[in-house]
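Some structures to go through are shown next.
After this come two complexes, each holding chain A, first together with chain B and then together with chain C.
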Partner chain A sequence: MAEVVLKQIVKTFDRQTVIQQLDLTISNGSFTVLVGPSGCGKTTTLRMIAGLETVTEGEIWIGDQKVNDLPPGKRDLAMVFQNYALYPTMTVKENIEFGLKNRKVRKEEREQLIREIAEIVGLSDYLQRKPSTLSGGQRQRVALARAMVKKPKVFLMDEPLSNLDATLRHQMRTELIELHKQLGATFIYVTHDQVEAMSMGDQIVVMDRGRIQQTASPMELYQEPANRFVARFIGTPSMNILTLPDLPGLQLGIRPERVMLIREDGSAFSFHAEWQRTKPDLQRADNPPEGISAEGVILGREVLGAETLYKVQTQLGAFAVKSHSDLLLNQDEKVLVRLRKQDLYFFDAAAGQRVREQDAFARHALEAILSPLTEPAVLGVGGR
Partner chain B sequence: MPHVHKMLKWLELAGMMMVALIFVFPFVWMFLTSFKSLQEVIQFPPQWLPETWLWENVVKAWDSGPFLTYFSNSVLVALSILILQFLTGVPAAYAFARYRFKGRNWLFGLSLIALMIPPQITFLPVFLELSQWKLINTLWALILPYSASAFGIFLLRQAFMQVPEEIVEAARLDQASEWQIMWNLMVPMARPVLVTFGLFSFIYHWNDYFWPLVMTNQELVRTLPIGIAMLKQSEGGVAWHIVMAGNLILVLPILLIFFLAQRQIIRAFVYSGVK
Partner chain C sequence: MNQQMSILERLWMPVRPYLFVLPALLVFLAFFLYPIGYMIYLSFTSWNFISPDKEFVGIANYLELFAEPEFHQVLFNTFLYTLLTVSLSLGISLLLALWLNRRGSLYGIVQGAIFSPYIISLVSVSLLWMWMMDPRYGLLNWVLNWFGLPPSKWLTDTDSAIYGLILVSVWKIVGYNTLVFIAGLQSIPREIYEAAAMDRSPVWRTFSKITIPMLSPTLFFLLVINTINSFQVFDTVQVMTQGGPVNSTNMLVYYIYENGFDFFKIGYASAAGVVLLLIVGILTVFHFLFLSKRVHYR
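The block that comes next holds the complex of A and B.
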């Protein structure tokens, strides 16, 4: 079992810096996901941990050993590649066995290990087959088995599920989470898919342009993004970012699922579960919650079944809105848009850093754009 | 319309038959001639089939010189060259395909140039050097100059370059040494190319006439093609039926390889063609 620590890592390719002063601690036994758009340096980081890429500056520690100059095979880790990288001329068994043989594990022990692992990943009947005769999912399992059989301290995975179809990907996701629980080893997982990251990781590292943007648990990333990039990267559709003339130097963010749309007849269309809970408050005339109101018109919609995505144009700007209502709003329909104060995020317009509410309020007369959200006559009818 | 289609099919078939015939005819003629009497060989108009099949012509050819020596020399030379070219070509190709080092492209270019120079240009300096080493009239003179093949390096390099980098990286993570990666992973994956190259090399050196002719003048170290050419010089006029019987001995092993490894060979060519 081992902690992986990256200290002040810099990586340059041909004088182009792709990783800039990266500090990261991956705690023992964690499922850490490196996520970001392509070219953000996540795969390079993983490959440096694996030893497949040299480190330009800085130190990498696995456990209590500095591994900068240790060859990949000696780092006690295993890697699963995006395209599986199975040895095509070897049978499934030989593929799994190759690493053991190189470690001079005795034959009886090898047989025993292979039998066990094949049982776990469900490949017992395929041991004598060549990888080319297997399906994508089976190949994925062989790659996993090949990694697992070495019983490494650290598992590295480079987008291992991206070549599978949606159903299989979902299934493998669950299996990997199970596997992580069983093995208790450290998992470092690279993906560009934020849904995959959120559903699997217990620690998520969001990267962009060679820098770590934020390291946090999934819920924290969602609720407390450190900057505009993370805020927009986590969650689909992306967070709405508004630039209001009343707020110079600041930008306002709100998640599509937190925007409430109200039809002209008063029925509420899009709301987060929490809106329901605060409804009694909204209807209280004496102390209504604060927020922003605007009138809007539906520009377009995407019906996804369980949810519907709308594009709404208001005088504040265009919004993406996610609704869980079974009823549908029509194109060009007029709606009222409600944003609650506690759902608003503020960002520095230039740097993109998060500005906490207290600071935002201190810097600006934010109250000017907020108004009481109470409109009992309208809200009383809605609530579907 | 279907008529035109059918016609075209027929034309295509006829064309292929023609080409096949042009290639097969010399072999058939050689085969038939080797069982004729000398009388039948030189008569005009030529006679297709021998009156009586003189199987003893092959025996005569075989007995008219130390053919067992020629034969074993040929096998020894062609196989040794093949093995040496394999042993030198694989590491060279692997380095050219996978390593970044100073002067790599320059060195590779140099070996490509070697590919374009025919042995007729280099044989004189090579001969002088070998004679200094006192290797003329030994089998070494036939083997050593061909111990590395630019063509082989080129073909293998292409094959090694096709192997995805991840497979090599996976092997490194599996604690495989560079040596193991080369011989246990790369070479098996390049098998079609190896078969192709092996055939080219073996047939070329099996049939090679020029080099052994220059480098040897003693029966003990001669190869089959020279031995057969010598048949022409015996007994006053040329005994064509015996020469052809000798040729039969020369060609037989290669035909045998072709028949046995036919499927492999076709696959190898298809492979190296497609990729």
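The block that comes next holds the complex of A and C.
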């Protein structure tokens, strides 16, 4: 039906190549999110799909049709622009109606469609208003309605929520997910916000400098990042990357929420529940889990309410740590740092590619940095 | 805070804003309201510019004015001139602006070229065009001849002279109008056109439903300014035709000048001045009342 396929797409603006050899398949009915830092080429990619930007090289297919030379209106897709791009001189109704008129839809049918759509997006009372008299959220809905009324096979959205305040953004996020389920159309959604990407997409395309870094489901991106860029891009705060003298050519990664901090008096802090579960293993003297132990000191903290972020200095380097404990560690307090082997990621120091654990072991004597994590005295006391 | 204000301050506060606008107010009174008031006063008198006493004659000047066939001709000429100058220059400028509103050095050069008449003195422009319109040696007839068309007598014929003046004024203001239109076009966000393209809007419909409404403030501004300016045409008449031949290019301001400073009928000229003021005023009010509703301000 409406599978969108990009084959070997290259885009060059005045001799500057911004998209390089991009291959991507967006399956029918999926909610695909393009995410990446500013300037990585998300908007450009979306605009090429829409037909608002020409393709320098490569092919774009929608369904079983090659659309490279098809004008935007003929591609059977609708776009929601970042700044909505409503027609300012027309009323809400005329805005929604414009595309239908151009398609020569009969008047009764138009009225019917507009009434239905206005109902769905909650704009029935605002049909005679001009966009300038609406709030940001309402304009957003008009833009959505204008796209929906054409019943396209594919929806393109370029950061449609970025102009809304946090509460409204949250609400619209849920509504968009709901809408996607209802319509069953293909959604291609651009954002630079990884949280938005993770919460909305069923397929996420992480881009950087005009290249796709990884295409995967949200959970897979989080658990199995393909390289250092993706690992650091997904999750807040970013994954800690450590360079150890014992491991030339490799880098170690550990997520802030996977670091355990232990107070000098033995009470555990971050990542506590998970450690509690492994406690029986830790106490088995014959085969204790392996990991990295270090001593550290708290450099600073940010209290966010549900969680607390710490900056910890150790002999391995400085760490960000996320803790869900209600108790707080103080600045300059001494702590013990514990990292489990299974939580470690390895990356090629130069290329940034992910190195699987067994390959990392093959390249280096990792035993040099790993030690048994038995610390009965400490873990016996436990934390809160 | 109120308690801490001294009596002096309390007296000073309400006066202060008026003091700030006082200089502007004085200038306005001295240079705008006073001359207009004086003109209205003069229009009820008979005065020859030299004699010390001004005789009050009531509305005699107005009666004479409206009975005078020459004045009817002048009014007709002025309206015809304004109507054609404004509609032609707006139409041509809009087309030029649509064509020139794109990047590239060629378009920049053309923009500059069509704007240049605007900065040349109108007297030089008039002389230049007089020379081009010369029936025997002029460039225009040479061009007509080249295309196999019959020559025109241009400014020397009662039927064609006013069109010669219209041609000059259109030529002069098209550049300015075009530039203002281009500025207006460039303030229309590109995304709106992209949204229209996604909505399958045909070119003519994008133009009539999006470009024109979005351009309406610019259009309105130029309409008002061009109308007022055209009504006050003087230099070209003075230099090129002196109102002739046979009054066929005489227009209001020139008529006022002629009566006031050639025939020294100051009262009569003032009455014509009041009529000009009323016409321009009424037209402007009309524009604002009936057209501004259709103007979309962002």
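Here is the rule we go by: the second predicted complex is superposed on the first by the 380 of 384 C-alpha atoms of A that agree within 3 Å, B and C clash if a C-alpha of one lies under 4 Å from a C-alpha of the other, contacts with A are read in each partner's own complex, and residues count from 1 in each chain.
Rule of thumb we're sticking to: contacts are C-beta pairs under 8 Å (C-beta built on N, C-alpha and C of every residue); 3 or more make two chains touch, one makes a residue touch a chain.
Bear in mind the structure is a predicted one, so any value in this text is a computation, not a measurement.
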Clash-or-fit label for the pair chain B, chain C on chain A: clash
Partner chain in contact with A:Q342 - chain B first, chain C second, else both or neither: neither
First (chain B), second (chain C), both or neither touched by A:A50: both
Touched partner set for A:A78, first chain B, second chain C, both or neither: both
Which superposed partner A:Y87 touches (first chain B, second chain C, both, neither): both
Which of chain B and chain C A:N102 touches, first, second, both or neither: both
Touching partner for A:S132 - first (chain B), second (chain C), both, neither: second
Chain B versus chain C as contact partner of A:Q331, first or second or both or neither: neither
Partner chain(s) touched by A:S27 [first = chain B, second = chain C, both, neither]: neither
Shared chain A surface residues [contacts with chain B and with chain C]: 50-52, 71-74, 77-79, 81, 83, 85-89, 98-99, 102-103, 146, 150
Chain A-touching residues of chain C, taken from the complex the two chains share: 189, 191-192, 194-202, 205, 209-210, 213-214, 216, 296, 298
Sites on chain A touched by chain C in the complex: 50-52, 71-74, 77-79, 81, 83, 85-90, 98-99, 102-103, 132, 146, 150
Chain B residues touching chain A - in the complex, by the definition given at the top: 164, 166-167, 169-177, 180, 185, 188-189, 191
Of chain A, residues touching chain B in the complex: 50-52, 71-74, 77-79, 81-83, 85-89, 98-99, 102-103, 146, 150
